[in-house]
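Each of the next two complexes has subunit A plus one other chain: subunit B in the first, subunit C in the second.
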Partner chain A sequence: MSTILNKLSMYMQYPFVIHALIVGVLIAFCSSLLGVTLVLKRFSFIGDGLSHVAFGGMAVATILNFTNDMPLILTITVICAVLLLRTGQNTKLKGDATLAMLSVGALAIGYLLMNIFSTSSNLTGDVCTTLFGSTSILTLTKTEVWLSVVLSIVVVSIFILFYNKIFAVTFDESFAQATGTKAELYNLLIAVVVAVIVVIAMNLVGSLLVSALVIFPALSAMRIFKSFKAVTICSATLSVFCALTGILVSILGSTPVGSTIVAVDIVAFFIACIIEKVSRR
Partner chain B sequence: MKYIVKILIVLLLLLAVTGCSNQGDIANRVNNGNNVDKVINEQIGKAEKETNPEALENEVLPEAKSGLEVQEPNITKNENTSTEVDYDLTSMSSDMVYAIVYQMMVDPDSYNEKMVRMEGLYYPSYYKPTSKYYHYCIIQDALACCAQGIEFVWEDGNHIYPDEYPKENAKVMVQGIFETYREDGDDNLYCRLKDATMEVINK
Partner chain C sequence: MAQLICQNLSLGYDAKAILHDLSFSVDAGDYLCIVGENGSGKSTLMKTILGLQAPIHGEVLIGDGLRRNEIGYLPQQTVVQKDFPASVIEIVLSGCQGRCGIRPFYNSKEKQLAGKAMEKMGIGDITKRCYRELSGGQQQRVLLARALCATQKILLLDEPVAGLDPKATAELYQLIYELNQIDGITVIMISHDVTTAIEYASHILHIGKTVFFGRKEEYIKNQSKDLFGMTERGDKS
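Let's look at the complex of A and B:
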């Protein structure tokens, strides 16, 4: 045990480990906040779809040789989030079909572009890192760290400021609309915030595993608590705990960061299920 | 009233997050264990920037060599040479090894003249423009999809390739002093471990 602690204290002396922990905690916190809303609104897969779009955006940024690719990815993902929400209503293509189309389309086009216009000598490595995160969180630049911090603050601020409206739109959109709440506007806000979360979360777990970070903590919290507030707080706590545990386990045990965090989230979900069954008796 | 409370919470959150972001102390502890070393390195860096300001901005990985003339490398000299191992990558997890090697490539100044010990796969590479063989120690990340290599010069560099070197992909442990250098006629800055010792772990 002391060996592990000594190793951990040695690792903590490296600034990039501290950066990884700060960004990891912020990403986990933000994603879990919106996770509850997404699960309740049955939008669980929107995160997955947008993460694939973000992969396409990253491919474009890579072939354009952008030093900081985050602003471009963010713009593309936010535009797609808005389009996804708009085209989902009153069109021939229904929401889930549009999402599926956009998701696989962006993934395919992204990989195709990277293959045709690649400037990297290690294309497989680049794709693998983007999809599964690998050690991206440990290799963040200072700009990326600051951008993640600022975006996380924006997301948390929006959630706090519009908590009541988000709550109303989540539970009964029709009733919220009838009482004068601009439901469409708040849905749009949720979609944009989700797009921001997806883009910053790609650094932590990779684009394929982003939705796990959004869904698992919310589902686990729903096993134990029933009120919206309690579920949101529990989800945020659980998500931060799982992300921290995942990052520390991965750097101590030589495992991929993203997959380890998701594995910890899965374990937490099963523990929550057991707690639910025990508390029912 | 409720909105004022919410705005206050947001402001507090802003303060809390910006307040915990100062990493200066940690960076100094890790990268600059020797203050004299730090000052010397800074002065050398400054002098180099004055003589060739563009070159330092074109830092690339050793694999991306693009020089044209066959000449001896123009080594960045430093009088202060470490004797103890500053970065023992053999005792670290693969995630940490990958991240540290990445940091060495993007911020070589912080690691200049530091003794580094690492374990990886031996990989030789012949570079036509300089007609020379370069020797690398390759490390992989935990996902095994990304690999990075650090060039090393075995002792004084007089060992004969391939007779005295191990086979490609042999597991080796390399210990040497990290330095940056430039090839004549090439503006790129390269990284390598000089005066390195090499031990084959698994043939």
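Let's look at the complex of A and C:
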């Protein structure tokens, strides 16, 4: 036990570990907030689709040799989120089909572009890193840390300020609209916020695993709690806890950060299922 | 002046009208039942009245001091709501959303309003319960309480008793009737059930191949001549 603690306190002296922990907690917190809404609105896959788009964006940024690729990826992802929502209302092209198209399309084009234009000698490694985020959280620059902090604050304040409206729109869109809430506007807001979350979360778990961060804590919390507020709070707490545990375990056991966090999330989900079963009796 | 006037309405989807040239008006305190076969456009009409869908032709006017955000609505239940983790109070309060405007949180007046609405609907003792664990009748009362938070004037109900057992159905009809009679709230209700529609309503709007709008007494007179071909079909759901 003491060797583990020693090892941990040694790691804690490195600024990159501290950075990883701060950003990890923030990302986990933000991503879980909207997870409840996405799961309930049957939008679980939007996170997934957008993360693939973000991968495509990252490929473009890499080719153009941007030193800071976050703004470009953010713009592309937000635009796609808005477009997805627009086409979702169009009856000719159904939302889920558009989503599938966009998501695999972006993935394919991203990889293709990287393959054709990349100057890197280790292309497979690069792609793997972007997809599974194996090391990127440990190599964050100061700017990226600050950007994550600012974006997280923005996301959390939007969520708190619009909490009641998000609830109303999630529970019953047509009622909200009929009684004077601008449902479309808030749907748009949700989509944009999700896009922002996906982009910042990509650093933590990589683009393939982003939606796990969004939906797992929400699903676990929904097993146990019965009011929207309790579910949201539990989901956020659980997500932060799992992210912390995941990062620490991955540092100690030298496992990939993203997949370890998701593995912890999965364990938490099964524990929540058991709690639900037991409490029903 | 009438609370709600529909003038020469044509409605439907994608510019294909399913209802043509419909005109009627509703005064404060009326109890209007909209009846008609499946697919005759009852729900579409309600969505058009609520402004969720634009009419192809004609217009919906509101008057008598009624404002757009003062219309209470009880929609049909959606799939999303079936396993929604929310407490009763959270849902009822969300009916006050239209009053909030840009203000992010509910004030004490709105919380009082929600409390009163729940008392009136007889669900004051289950405010902390989870919506998905309630019976069908209780769920409808919750949604009705929410609609009451949005309005004191007019309620639009889209088949409020769908899927309820006979006892819950009778209770809900009674509740709605009391809201109309005691609180003077205008009721516009879509119903498959012509018999009960006639029992409670003051006016009937029948849409379909033939269109009828008027007081229920005239409707009964016409119906006995079987103008609408409803009697042999009875009430289907």
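In this section, the second predicted complex is superposed on the first by the 280 of 281 C-alpha atoms of A that agree within 3 Å, B and C clash if a C-alpha of one lies under 4 Å from a C-alpha of the other, contacts with A are read in each partner's own complex, and residues count from 1 in each chain.
The rule is short, and it goes like this: contacts are C-beta pairs under 8 Å (C-beta built on N, C-alpha and C of every residue); 3 or more make two chains touch, one makes a residue touch a chain.
Not measured: the values here are computed from a predicted model.
For the composite obtained by superposing both complexes on subunit A, the positions of subunit B and subunit C are free of clash and fit together. Of the two partner chains placed by the overlay, only subunit C lies in contact with A:42; subunit B stays clear of it. In the superposed model, A:139 makes contact with subunit B only, not with subunit C. Contacts of A:161 after superposition on the shared chain: both subunit B and subunit C are touched. Once the two complexes are laid over each other on the shared chain, residue contacts for A:153 go to subunit B alone; subunit C is not touched.
Once the two complexes are laid over each other on the shared chain, residue contacts for A:222 go to subunit C alone; subunit B is not touched. Legend: residue contacts after superposition of the two complexes on their common chain; A:231 is shown touching subunit C, with no touch to subunit B. In the superposition on chain A, A:174 contacts subunit C only, with no contact to subunit B. For the three-chain arrangement built by superposition, the Cα-centre angle with subunit A at its corner and subunit B and subunit C at its ends equals 170°, in steps of 10. Applying the stated contact rule after C-alpha superposition, one finds that A:250 touches subunit B and leaves subunit C untouched. Note on the superposed arrangement: subunit B and subunit C approach each other to a least C-alpha distance of 5 Å. Where the contact sets of subunit A with subunit B and with subunit C meet, they give residues 160-161, 163. Interface of subunit B with subunit A (complex): residues 3, 6-7, 9-10, 13-14, 17-18, 20-21, 23, 26-27, 29-30, 63-64, 91-96, 98-100, 102-103, 106, 141-143, 145-147. Those residues of subunit C lying in contact with subunit A across their complex are 14, 47, 50-52, 68-69, 71-73, 75, 78-81, 84-87, 90-91, 93-95, 97-98, 100, 104-106, 128-130, 132-133, 146-147, 150-151, 156.
Those residues of subunit A that touch subunit B in the shared complex are 7, 11, 13-19, 22, 26, 121-122, 124-125, 128-129, 132, 134-135, 138-139, 141, 149, 152-153, 156-157, 160-161, 163, 250-257. Interface residues of subunit A, counted against subunit C in their complex, comprise 36, 40-42, 91, 160-165, 167-168, 170-172, 174-181, 222, 225-231.
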